[in-house]
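Below are structures written as structure tokens.
Paired with chain B in one complex and with chain C in the other, chain A is shared by the two complexes that follow.
Here is the complex of A and B:
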């Protein structure tokens, strides 16, 4: 039985016995390699589920749709290891209770999709711990290395050019499972922190603020870069923040649901190399 | 004849340590450059990175953020939280190419009037040498509003 069949029948079983009220998974999209999230509530619909190497979107954010979890009923969701980490962070930030979530975990290696053992977020701690070590050893993105070698003026020019294309559609925010604020700082107009007109200044401010608010929270699922209509390399900013919290505070976002948010906790011996 | 460049520097300071230190510098009749505009806040923990961006948005050439030494916070641990925030935000600024001399962080206690005066002296000189923050001023000009700190 293919992994897709295996997961379809698992979803059918869960919905059939009534242990979950909904399955959030992937369905066919507009092109052969595009997948779109589907929300299934009846066991008859599970044939619409697709599971292959194109299923890379992190679906964790859909769990926070207003009122979805309010009735205390369970929901099953297809998640990659990054998705499980997102789930852990959302639980740590009191946005959901992991007991309500049934994880249909899988991972993609090359073009092969492999099932992951476990149903609760806590069952995946071993693979997440492994990912942490991989992330530590992972060489920086090619472009990130180039940027680090540039002078500050060149770096500024690079980002100025990138951000000048931003149209402030906020697709990055909409696609991000971590952007759950009911009222985003950029929507505030008293005070107006960020310039909302589509000039490079406001674009720079917006992207800096978003990267900062994701420091230690981003699971690097890639939803934002994928969603950006003008292809701003948002993963470089987020990746740089992840490097920083990992090296400075040994913080791997979403390691488990007890993990304290990195910017809401501290150690007295945190490093400080730049403070006069 | 053009006038010498006088940088505009905004200092976000906590009221219990650095502001008191600045006060001490004043009452001790220590002289330091008048280029710094001090904004007093209850604690470094209150200083959001948005403040730094706002200062630049309004045309500042440099920003200083300063508070109590670790362990000395009036609220016990506000500065520890601030330190983590600064670490992440400073890395972000460096990565996006904001020159290092434009944003400075320091610990200055209420007893360190001399340190305050000397620090303002040195950062003013550093920014005077670097010149106006043209890269940012260009972005401000695009929006049609004039820099006004």
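Here is the complex of A and C:
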């Protein structure tokens, strides 16, 4: 049985026995390699589920739709390891209770999709720990290395150029599982800290504010860059913040659901190199 | 429409010498929303304040800017003046054009430009200021006094005599503290116990004082006027209501070889014991660590002889919950032991004592009945060497401070020794004689001139045993030559140190402490009994080394602070506190984690039928100190600080 079939039948089983009220998974999209999220509530529809190497979107954010989990019923969701990390952060930030979530975990190696053992968020700690070590050992992107080698002026010019394309559509915000604020700071117009029109200063402000708000929370799922209609490499910016918390505080976002936010907690041995 | 009044103060020459105040006034006059702008030599003066009040009434001002010194100086002055003129005080702001402008710039023209910018940005802020009302919190008129030594007893009695309720908590089995251990007290040589025990009895019998001995502070929550304190009452294994204090149990207890704390190890006690004869309450406790029954399950000798069946081996620690309005910390000190000193034998020689041990030897209630004899062989010493500053004022031992009491008690020791042994020789090695205090210098002179105290100015470098004598080698720096004394006893004036667990208590209470563990006062000179935490006060040696007169004075000062607090029904607090926008709060609790005062609670939002919709952050107005940490943490900007709202700060920045 193919992995897709395995997961379809697992979903059918979960819905059939009534242990979940919905399965959030991947369905066919507009092109051969594009997948779109689908929300299945009946065991008869599980054949619409697709699972292949194109299923890279992090679906964790869809769990936060207002009222979705209010009835205390469970929902199953297809998640890559980074998605499980996102789930942990959402639980740590009191946005959901992991007890309500059945994880249909999988990972993608090259072009191959592999199943992951476990159903609860806590079952995936081993693979998350493994990924933390990998992440520590090497930067996530070639371009990240190049950016580090640039002078500050060159780097600024790079980002200024990238951000100049931004049209403030906020697709990054909509796609990001961590952007769950009921009211985003950019939508607060009393006062209007961040200019909404699409010009250099406002663009820079918006993208930097979002990066700071993701510091210690970004799981590097790549949803933001994928969603960006003008191809700004946002993952590089957010990845840089992940580097920072990882090296300074050994903080790997979403390692478990007890994790405290890195910017609101401290340990006695935290480095204080920034204090002059 | 805003009608702002701008008042530019010259501060004599302080501002006017650099800033062109007339130009500043002219610039403000043309600014939108400014109704009037005036300058004056000293706005903080009586006529200056009057002119502001008059202007508020005359022009119907909706906001006031005083461009003057730092708000730390006169914000309260001008806000009060505005309030007197009928304007909400929080509509008055200070533009600091002195410390942040005239004092720090040389170029007058640039300074003037900067002063205009500063003042204009404050005008923009004040246009968005809201009227704020002081927050009222109720006051529980019950004080907690931690520590039953002389400081704690004094504070408790003063508060109770004025009608306040007091809970007096003492960690040991009896009240008394260190003062109960002393023989006679300088500079009047009155017997310590004779003046101490009546106070102990008075405290115990006082109808307004609830005494909790053998108890420790477990948890402190809440805030000024409204503390919730949990006290752990340790199991005494003796029923206080049944026990008559007859002492039969102590007679029969077979575990007799326990080093007695009250006698500083110079005498033994039993496992069931009262620390000393005049203990208050005079009812024993069982030290479960040494009790034979607790060690191997057999004995119960005390239970068999107890005529009232007061012994209960099943007793457990009890947690007592208290509602408290103010806390007095009077936890006292400890004396550094002799083992710290390699040069004085690391505490190996039994006849090298601490000052406190000598007190017990000289005390009529002590192990020798007041006879000064050597612990090693019980002989009367012919020569005693006293070494002052044994640890104190010695950064190499880690204690840089002066312990303050040692000069005086050493003089007293030499005096007592001569009174009890007329042929006795005393030699005192000292660095300086510090005898500042009423009757203190006269006292040390008396020790030297009438009681033969032999002072040698210099340090002792080495101490060793030879032919049954303690050989003391030191320097006499006044004669410039080494001295060697063969002594029978050596008394070290070891340093006064904080209680070993003072830092933990500091954390429990949320008050600061210094590098040694002495608690920090809010201001050494002007607020010496307050801590930085409102409603918590310090008395006695827990703050710094102190003698009895100082401790008692500070304790009474604490009582006056507590009583001032209790004189009001409600406390008024600055309304500069955080406020949460429940509509936009997502309940991530980042603010809860960030808040250093535990001031943010979780609040349920429910619909009309009581169903939970979601939970949001809610700020406890009594606890919030207005530090703004939560504001910086809130990603959605849901939390704002009254008086410093986002809108105000934004306007201020954009006004530049």
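Note that the second predicted complex is superposed on the first by the 271 of 276 C-alpha atoms of A that agree within 3 Å, B and C clash if a C-alpha of one lies under 4 Å from a C-alpha of the other, contacts with A are read in each partner's own complex, and residues count from 1 in each chain.
Following the convention adopted for this analysis, a residue touches a chain if its C-beta (ideal position, glycine included) is under 8 Å from a C-beta of that chain, and two chains touch if they have at least 3 such contacts.
No experiment lies behind these values; they were computed from the predicted model shown.
Look at A:152: by the touch rule set out above, it reaches chain B but stays clear of chain C. By the touch criterion stated above, A:109 is placed in contact with neither chain B nor chain C.
Of the two partner chains placed by superposition, only chain C is touched by A:95; chain B is not. Once chain A of one complex is fitted onto chain A of the other, the partner contacts of A:181 are limited to chain C, with no touch recorded for chain B. Contacts of A:260 after superposition on the shared chain: chain C is touched, whereas chain B is not.
By the document's definition of touching, of the two partners only chain B reaches A:204; chain C does not. In the superposition on chain A, contact is made by A:195 with chain B only, not with chain C. Looking at the superposition, the partner that touches the larger set of chain A residues, chain B or chain C, turns out to be B. In the superposed model, A:248 lies in contact with chain B only, and not with chain C. In the superposition on chain A, the residues of chain A contacted by chain B and by chain C overlap at 185, 191, 193, 263-265. On chain A, the positions that touch chain B within their shared complex are 147-148, 150, 152-160, 185, 191, 193-195, 197, 199-202, 204-205, 208-209, 211-212, 215-216, 237, 240-241, 244-245, 248-249, 262-268, 270-272, 274-276. The touching residues of chain A, counted against chain C in their complex, run 93-95, 180-185, 188, 190-191, 193, 213, 260-261, 263-265.
Residue ranges on chain C touching chain A, taken from their complex, read 583-590, 593-594, 615, 633, 635-638, 646-647, 650-651. Listed in rising order, the residues of chain B touching chain A in the complex are 49-50, 53-54, 57, 70-71, 77, 80-81, 83-100, 104-107, 119, 135-136, 139-140, 142-143.
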